[in-house]
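In order of appearance the chains are A, B and C, and numbering begins at 1 in each one.
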Amino acid sequence: MAVARTMSAAKKVILPSLVKKYLMAGSGIILVLFVLGHMLGNLQFFGPPEMINAYAYHLHHLPGHPVTLWIIRAFLLACVVVHIAMAVLLVKENREARPQNYAKQGFRESDYAARTMPMSGLIIFAFIIFHILQYTVRVVPEHYNATIGQAPVEVSHLQLEYFDVFAMMVKGFSSPVISIFYLIAMALLCMHLTHGVASMFQSLGVRNEVWRYRLKCLATAYGCFIFIGFASIPASVLFFGHGKAYLAEKEAEWAKTPAAEVSVIDAQAAHTQFVTLNEGR
Amino acid sequence: MDLHLRVWRQKNSETSGKFVNYELKGVSEDSSFLEMLDILNEQLVEKGEEPVAFDHDCREGICGMCSLVINGMAHGPERATTVCQLHMRHYSDGDTITIEPWRAKAFPVVKDLIVDRGAFDRIIQAGGFITARTGSPQDANELLIPKPIADKAMDAAACIGCGACVAACPNGAAMLFTSAKCSQLNLLPQGQPEKDRRSLAMVAAMDSEGFGNCTNYGECQAVCPKEITLDFIAKMNRDYAGARIRHFFGKAI
Amino acid sequence: MNLDSKIPEGPLSEKWTNHKGHNLKLVNPANRRKYHVIVVGSGLAGGAAAASLGEQGYQVSCFCYQDSPRRAHSIAAQGGINAAKNYQNDGDSVYRLFYDTIKGGDYRAREANVYRLAEVSNNIIDQMVAQGVPFAREYGGMLDNRSFGGAQVSRTFYARGQTGQQLLLGAYQQLSRQIGLGQVKMYNRHEMLDLVLVDGHAKGIITRNMVNGKIERWAADCVVLCTGGYGNTFFLSTNAQGCNVTAAFRAYKRGAGFANPCYTQIHPTCIPVHGDQQSKLTLMSESLRNDGRIWVPKSKEAAEKVRKGELDPGAIPEEERDYYLERKYPSFGNLAPRDISSRSAKEACDDGRGIAPGSGLGVFLDFRDAINRLGENVIAERYGNLFEMYNRITAANPYKTPMMIYPAVHYTMGGLWVDYNLESNIPGLFVGGEANFSDHGANRLGASALMQGLADGYFVLPYTVGDYLGRCGIHSAGKTKSDAPGFSEAEQAVKDRITRLLNIKGKESPRSFHQRLGHIMWQYCGMARDKAGLEKAIELIPELRKEFWENVKVLGEEAELNQELERAGRVADFLEFGELMCRDALMRDESCGGHFRTEHQSAEGEAVRDDDNFAFVGVWENQGDDKPPVLHKEQLVYEEVKFTTRSYK
């Protein structure tokens, strides 16, 4: 019939809708697992400063260093890119598929988290950029490499001097603005995960009516767990002054012997020494 | 009871529409929602105004023709109920009721509250069937189907193709409809020979009709008058993935 | 009028096999694509016929008035479909199904057709299972059956309470496959408004595109009508809102005989009418009668108290309840055939013992005993969806209080006259499903409508249509064009009629006229009819029709989607057709099946047939506007069965 024909001018399909969903869910799983690992690692912040500093040292000196780290970073970045690309496609196509909205749409099933996935995702993305600039590249809001000195770490019974990650974290979270931004971002991440984790099972076809509610609870619990884990760090600094005494002590120490970029080179030298030592065993 | 109605009026698919307000008096609470519209139309005819066009046929909740969004809710406020089975006792005197057509790009408005759901037919035409030539197939009881499988297939087969799932989905996605038919046939032993082909073809047809993508809101399930569950979407996701992989390695089709 | 039934020679059980095996002509597969077949209607019969003919290789165009072929009203059948499989080991056979159908139809159906129906019933089940219809299964994986009214065996296959839907979707899927393959062209939202004859053969139709109002001509080598029944003549019925008689009636106007129009089935288990705003009656599946017990209070006083809401039906003690079906028909009890069951309900209500609030027109269908015996879970599993539906409509809970039911118009056994090949007296015009008259006689048994629709569509028409095309010969294939004489005249007539309807600009809506016609029909041509009433109706209907054509108000324009215009056209035909029904009912001066003349009843109120004078099919031939139609008779000859008085006691 006439109307049917005019509208059946088939839409050009860039990627089958289900493939988009698989990519979304697949990249989501990687990121969900990364977030968990990242959080568990960071909880070492509540141990002695040497603990997280040693952890940071190990992360930067994985077997196959430095290629391994860059492969992992590239892989995670790829996941983020895929995740975002799919999100952009989905949002664009889904808006096109509903050109006109209802006077007032009623909702029965979907929660706020589900309906705000694009927005929470966007803010989380902005947060990730900030986060990397702050603690990985260490250029925002200040050049930590210039302001933070070294601290002793013990690696395989060897005493080394390495960049003081603990001090950097304390310094970073001492700023209420940054801490609150982190708290908000983590809350959004929690929300994003409560929908995302349950949803990825559905997208990959491993969910049914019985498990739907269980997975929803599990996803909510997971989101909250991640939130508590991550949020505890800025919160402890901001509200309980965790590590501030240590930072003050260290800053006083560095003021006496100003440390510069050299420290990194030192650390690398130390590593070479460490590897040699290990090989010698 | 007396009601204030806000009804979407649109001359045809080319023109744009708008809401028009009507006052309606003396509606019996035993009337169905569509009977309430009948009364409105009789009053409009009396006044010489053109009556509101809306799709309806069996009025017993099975043909899937009726398609109204009432106060933002496809098929109205009651669960597992089509508009034609919705009764006015769920409203109170003086209520304002907003009535709109299904809204989705793949379901263009034909007139007023009538939309074109031909896209659904084309999805079925692409693969929503079992190729079984008319003639004398094997005796029906030679094919044993475990009761749970038959029941599950029946759960999916209960779909009336009304399109409420698309209407309720903020993405205008047709996953619940497509997956219900796809899963019904994929579950049954008769449907196995064409399983991969069916999954691929139906999803391809669904995509090309301009429906949105599923983002697992679950609104479709909540408004489905036949309470078809997201299980079938999960099943289609699974079947399609398998089909894709086999297709990639050249085993399918 | 040529009413040669063309029943093949030979013993009853071999007629169809021989007929399709060597009588019917074949068309070479390579030549089939040269023929064009029009199928109007996409329900079980039409959908299945279009799919099968397309599959055979003919070019098929299929038309329906709904927005999709999947919406045809076959979808609403709830209970099930009969087949003589004897899976339950209770002694069923093709013969028994045949015999039950003839007997249920009160000996007014054509023997050979009914036997064929019973014969192909088994193929239908096989076919539908192969297509993926999820019939109910037992735990062992085999098909389950239930029993149904009018039979003493369990031969009904079902898919929850949605058997019609599942079967229709099965046929729809096959049709869709052919549409996808390009063998069938589907025209949704097209309404057939006239039949076109070329040299006396049906060679095309005129349709109105219901979206843009365009009147179009379609030429073909033959036309198959599967356009359903005419229950909506009564305004209130269980039919879908759009069901209409127009296609069949237009064929009648073009010379096709209309057989037994007065045979109307009143279904016993519908939800009672609630008020004058009602647009349709809702059927509760007859399967409910398997476990539900039908009763009214023994005393009028108790009934009145129940009507006024002063007495809770549950509080009425056992000895004050009248389980009238069990009392009157002990061997069939609540499973007595539909016509008997309906009439008994009417009698109880006429006696002042009806229990529906207001009108009193209602009786109880009570599950109390079944729930006590089987538990609520079993009942919920069997009838859960029906109980929910009842609850949605009436706001009452059938698990706690008995349902209220009352008979309503449900199915029409009459239809266009067809021979054994389902071809009408107009060559090239085939009629299948409810639209023909052939298989149910004066009353249809439960779960037989689906059987007949599919039998016609899958297993009869694909053979007999091919036979007609073969007889026409390959030289004529595809030769009829839409500029042939007949098309322009028919098109003009359709256009004139529409213009006329739009230009009356009267005061009353088509719906209101329809409602008024419905009142006349229900009152004088409903469950019980008599001479005086029918004569009255034959006076009233032409008056109403005259008023309609002077005072109907059809708003909107021609060239747009116009539901008022659609309705007006249909009501105009109902207004003529209703009169034909009454004439037929008046002519048939006997009671049989669904046709109950109060003059002809036994002392106990049972229908009394007159086999000597009325064992014929009454076929009406149109004589033109405002001239009474002429009756022709096809004598019913029974070779196998003997006339007996139906007894369900």
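Keep this in mind: contacts are C-beta pairs under 8 Å (C-beta built on N, C-alpha and C of every residue); 3 or more make two chains touch, one makes a residue touch a chain.
Since this is a predicted model, take the numbers as computed values, not measurements.
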Measuring between mean CA coordinates, which chain is farthest from chain B?
A
Count the C-beta pairs in contact for B-C and for A-B, then report the pair with the higher count.
B-C
Please find which chain has its CA centre nearest to the centre of all protein CA atoms in view.
B
Taking each chain's centre as its mean C-alpha position, how far apart are chain A and chain C in Å?
66
So, what's the distance in Å between the C-alpha centres of chain C and chain B?
27
Cα centroid separation, chain A vs chain B, in Å, comes to 40
Contacts with two or more other chains, residues of chain B listed in rising order:
110, 116, 118
For chain C, jot down the residues that touch at least 2 other chains.
188, 211
Flagged in chain A as touching 2+ other chains are 1, 3-4
Touch list for chain B against partner chain C, complex
11-12, 27-28, 30-32, 34-35, 38-39, 41-42, 45-46, 48-51, 53, 55-65, 78, 80-81, 85-87, 89, 110-111, 114, 116-118, 120-121, 124-126, 128-141, 143-147, 150-151, 153-154, 157-158, 160-161, 184-185, 188, 190-191
Considering the complex alone, what residue numbers of chain A touch chain B?
1, 3-4, 6-8, 10-11, 13, 16-22, 90, 93-94, 96-110, 114-115, 117, 195, 198-199, 201-209, 212
Would you pull the chain B residues touching chain A in the complex into a rising list?
6, 13, 19, 69, 71-73, 98, 100, 103-106, 108, 110, 116, 118-119, 122, 168-173, 175, 203-204, 206-219, 221-223, 229-231, 233-241, 244
Considering only the defined contacts, which chain C positions touch chain B in the complex?
48, 51-52, 55, 66-71, 73, 75-76, 85, 87, 123, 125-143, 159-160, 162, 164-166, 169, 172-174, 176-177, 179-180, 186, 188, 211, 238, 240-242, 274-275, 277-280, 282-283, 388-389, 392-393, 395, 458-459, 462, 509, 511-512, 553, 555-556, 560-561, 563-564
